[in-house]
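Listed next: structures, encoded as structure tokens.
Each of the two complexes below includes chain A, the first together with chain B, the second together with chain C.
On to the complex of A and B.
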């Protein structure tokens, strides 16, 4: 069937309009703002070229100090959260995939339910569990004769609390993706590997992993991006503390824009953050597929 | 191809038209039954929100010309920055910022229209809302740091630092998990920092910014360090709003919780503490922990956005303000625990101390209460002190005055940089 040029263009239009309105214009307008002195109230104060970028990157003023602190905190979280978020969900998917079918549906749903809970509710629950003064976890530790910990106000416990909350909250989503990928693996390959004498590890290494590699890389990249966007958990569980050590870059940008009204500097930080995320995920993508 | 381009433009313009709110700038909104409608934005999402709603509902029922739509939002400042409202509650320490940013206008003409003048308020109000070029807020209340105490643990109200030391010694002899008062590492710490400065007569305002790098301030703040690490008045490790949580805690066997007899906290917790302690709840002024009595207080004011110019809207706003500031109506606000600055309302609530215990108690602090210095972005100038310095004070046992001075210098440098972004230099 031949589709006319006009009709195909009309079919394409809704996507194109949405792409321009919700992606292209915000991105290019953001870059435009970052090249200007721009107040949330006062509006455009004039073209400043790369001055905002120099201010943010120079390291000798409060904007720059808060940017680097936010970036460092975010990288710390990305560094220690991505491995458990990906590997624990993969392990869980392998476990769920190997149980009887009736139970599989139950556990798949159970683990996924936590993903449907809002960050506000998750944060409230974990804040209550880990609160230092008579919190649930400390009471459990106390019954085991272990000294209570100041979970929310002392490092590294504050990060550990945020990590546990994040893993509990998001693990179901990655697990579902892995389960779907595992369902697609050809069962004959396992049989053949078994006949060749492969143990469970060799089956995983030479059959399972190569078969789900595409999904693994997708999960890895989306998890890195999600960890970069850390905001709700640190805002609601630790409020960025103790001493700004869990203040993520998004929190810093939010403060600069909405509390300090400095849209120019805030947008500059957001653009730099976007570039850093693109470089990291791009490098990771290149590394994963370099042999292909 | 022209048809395609035309349809693209058509779809685009329809979309943009749908994005518009359809209201003309500066014109009064009217309801279907012809009432002039105004929007009143505030951040009263706690226990006090219902009492303000009572005033708004009372006004709406009292006449048929105007309609006030009250919007209560926890993050009402962001809403104000990004939306269009006719009347907004602004804390006194933010008036300078919103004035300089051109977001609010002189409210004197509106006050006159509503039959109000600054003389109708307690004298503490004038410094909070009056600037060189006009009045930028109608004073609503002052909410000073308030001391709630549990009469079962502390039969007498503590009046000074020595009382707190004696109280904690007595409580510790009963149970090692009982303390006199809690010092949190986050939350209300702005009140703690400013109260230390006020009780030691330290002037923080230095030109256009706050100067924290003062030896006297370091000494004053070290008192909080001593309360935790030297005199054992407060348990260590209390986090966000820990002063309130420790006060509400009940020490139980097998539980790791610590409990305090006194909470130096905000009056907005009144509903919660009064429900928990009932007759055992005592309310008193901030104990003297510095050289002289004094306390820091935040303050709500009613401000008029610059965007309001329409005469009909002005009339509606003035009618609402006039209604709100009738003592019998504003008494609702006092019932929530807030201490109103309106003198006639203060007189009215003084006649019934049992109905308005907290408002009356806090009104006693008006003579010694001091608000924030009028600087651009006060909260941002305080941020490093709130998020870093105070937390360090109460969490680091071995903190020295030299360490603290170095941090106070960073806080001052940050405050200076924030002040330098002000439109009016």
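On to the complex of A and C.
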């Protein structure tokens, strides 16, 4: 091919400059900041080695206490949200997959539509649906003569509200992944299983699930990481409450950087959070593919 | 016969689930037409007395939130950001897949490696750097950083790698220049994956919240998501009708685009997921 190295470089350059300026420099600068005492408004206060990391992890100061609280809250959310997020989207996919062909696109679009809604719009809607005083859900409960609940200010209702909002907001994407996987399952296998007298559960267990296992693991992994990034819903719907029980790790980091004016500690927490997420992803890859 | 009965059952169940699923959106729209007293006490979905006051109050001369300015900012940022991402990613992916770039293997592993590092790591340092150079609260941080994402390069690169080179080689033999090949051979080839990248990037920028909330402070520079978040946290929140009218205005453009480009969104999930 007669296209010179110079032209290749020129064409790669726009992306490369953007990548260096807005990705590579921030990553390395972040690591650099985490090794310094650094306040947002006072700037660099000198090299401190790994002291910020020790402060964050040691457990004996207010930064560390808030870090572990945010981490624990986030892990609680990951723990109870992942199964419903994956299973509801799989359930919807199985439903859509069985719908007569003419109606399939309509229902697929319907269940996918919340993907186009921003986290702030989702929060505005669900906060007013679930607000204790004058919220729509409690008005309905009142009409049905059921005692209203203090959804946003009492646990476990606050988590339930966040979970419902998150399920509604995010299942569409995973559902599409599952629908695509289900489309690829060999139809003959179902017929053979049917002849053998298998019921729907056996068909799912021995035919459907093994065929979509790869996509299932992929969805599981991406859902765990997405739940780990919990931020907008808890900031806007519950404001981290009640008693900071829904304050997620990203909310803690933001507070340390801006309210407590400590960019050094905040960036250190962000780096640790990044490492935790990479370890989770790596461990899952290892677990999922170790047999291959 | 049996399958017809099954079709009806499945359709009925799906309709029920769809109605529950659409409830938040339907509730949002109906509530935006309710009067304050009614919206705070009613358990009925449909307004008893319809009012457009919630809309006139957010668009009127005495409006306290410049929601049209926010939407305009979102439109500018989303369009410019998407165009920039598509432009730099197409050139970079083509270079990596087809041209003779020195150090190609290293660049390729950087592109893949960067995908594994979570965004939270770059967020606050990038904010600090934009502040240092005095560009906070301008369009620059709202548009430019999206161009650093490597996902688009990776997508197009993969697509091109699996695609035969026959047409390009024929064009070269015919004496076509680089521009001609890009425009008339490569672009038509990669159209589906470029469409995918365009719709994902568009929606990602439109709905991004944390980053634009860090880099904007004045009301005139906020995007729709940031402005709406301020409304949720502010004193206007006490009126659900007005809050939902603002939410409708901020959300409907994305919903319309989503419904019309639905095909591309569905395809984008297929392309970005695993095969």
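In this text, the second predicted complex is superposed on the first by the 264 of 292 C-alpha atoms of A that agree within 3 Å, B and C clash if a C-alpha of one lies under 4 Å from a C-alpha of the other, contacts with A are read in each partner's own complex, and residues count from 1 in each chain.
Here is the rule we go by: contacts are C-beta pairs under 8 Å (C-beta built on N, C-alpha and C of every residue); 3 or more make two chains touch, one makes a residue touch a chain.
If you're wondering where the values come from, they're calculated on a predicted model, not measured in any experiment.
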Partner chain in contact with A:96 - chain B first, chain C second, else both or neither: second
First (chain B), second (chain C), both or neither touched by A:124: second
First, second, both or neither for A:111, with chain B first and chain C second: second
First, second, both or neither for A:21, with chain B first and chain C second: both
First (chain B), second (chain C), both or neither touched by A:132: first
Partner chain(s) touched by A:262 [first = chain B, second = chain C, both, neither]: first
Which of chain B and chain C A:241 touches, first, second, both or neither: first
Partner chain(s) touched by A:154 [first = chain B, second = chain C, both, neither]: first
Dominant toucher of chain A (residue count), chain B or chain C: C
Which of chain B and chain C A:62 touches, first, second, both or neither: first
Footprint overlap on chain A, where chain B in one structure and chain C in the other make contact: 9, 16, 21, 40, 134, 139, 142-143, 239
Interfacial residue positions of chain B with respect to chain A in the complex: 1, 3-4, 7-8, 11-12, 15, 77-78, 81, 101-103, 185-186, 235, 237-240, 242, 245-246, 249, 254-258, 377, 379-380, 383, 387-388, 391-392, 395, 413-414, 417-418, 421, 423
Complex interface listing, chain A residues touching chain B: 6, 9-10, 13, 16-17, 21, 39-42, 61-63, 131-135, 138-139, 141-143, 148, 150, 152-154, 239-244, 247, 255, 258-262
Touching residues (chain side chain C, partner chain A) in the complex: 6-7, 10-11, 13-14, 17-18, 21-22, 24-25, 27-28, 31, 39-43, 84, 87-89, 91-92, 94-96, 98-102, 107, 110, 114, 116-126, 128-129, 144-145, 147-150, 153, 172, 178, 203, 206-207, 209-210, 224-226, 228-229, 231-233, 237, 240, 243-244, 246-247, 250-251, 254-255, 257-259, 262, 265-266, 269-270, 273-274
For the chain A and chain C complex, residues of the former touching the latter: 1-5, 7-9, 11-12, 14-16, 18-19, 21-23, 25-27, 29-30, 33, 40, 92, 95-96, 98-100, 103, 105, 107-129, 134, 136, 139-140, 142-143, 168, 173, 176-177, 180, 214-215, 218, 225, 229, 231-232, 235-236, 239, 250, 253, 257, 263, 266-267, 270-271, 273-274, 277-278, 281
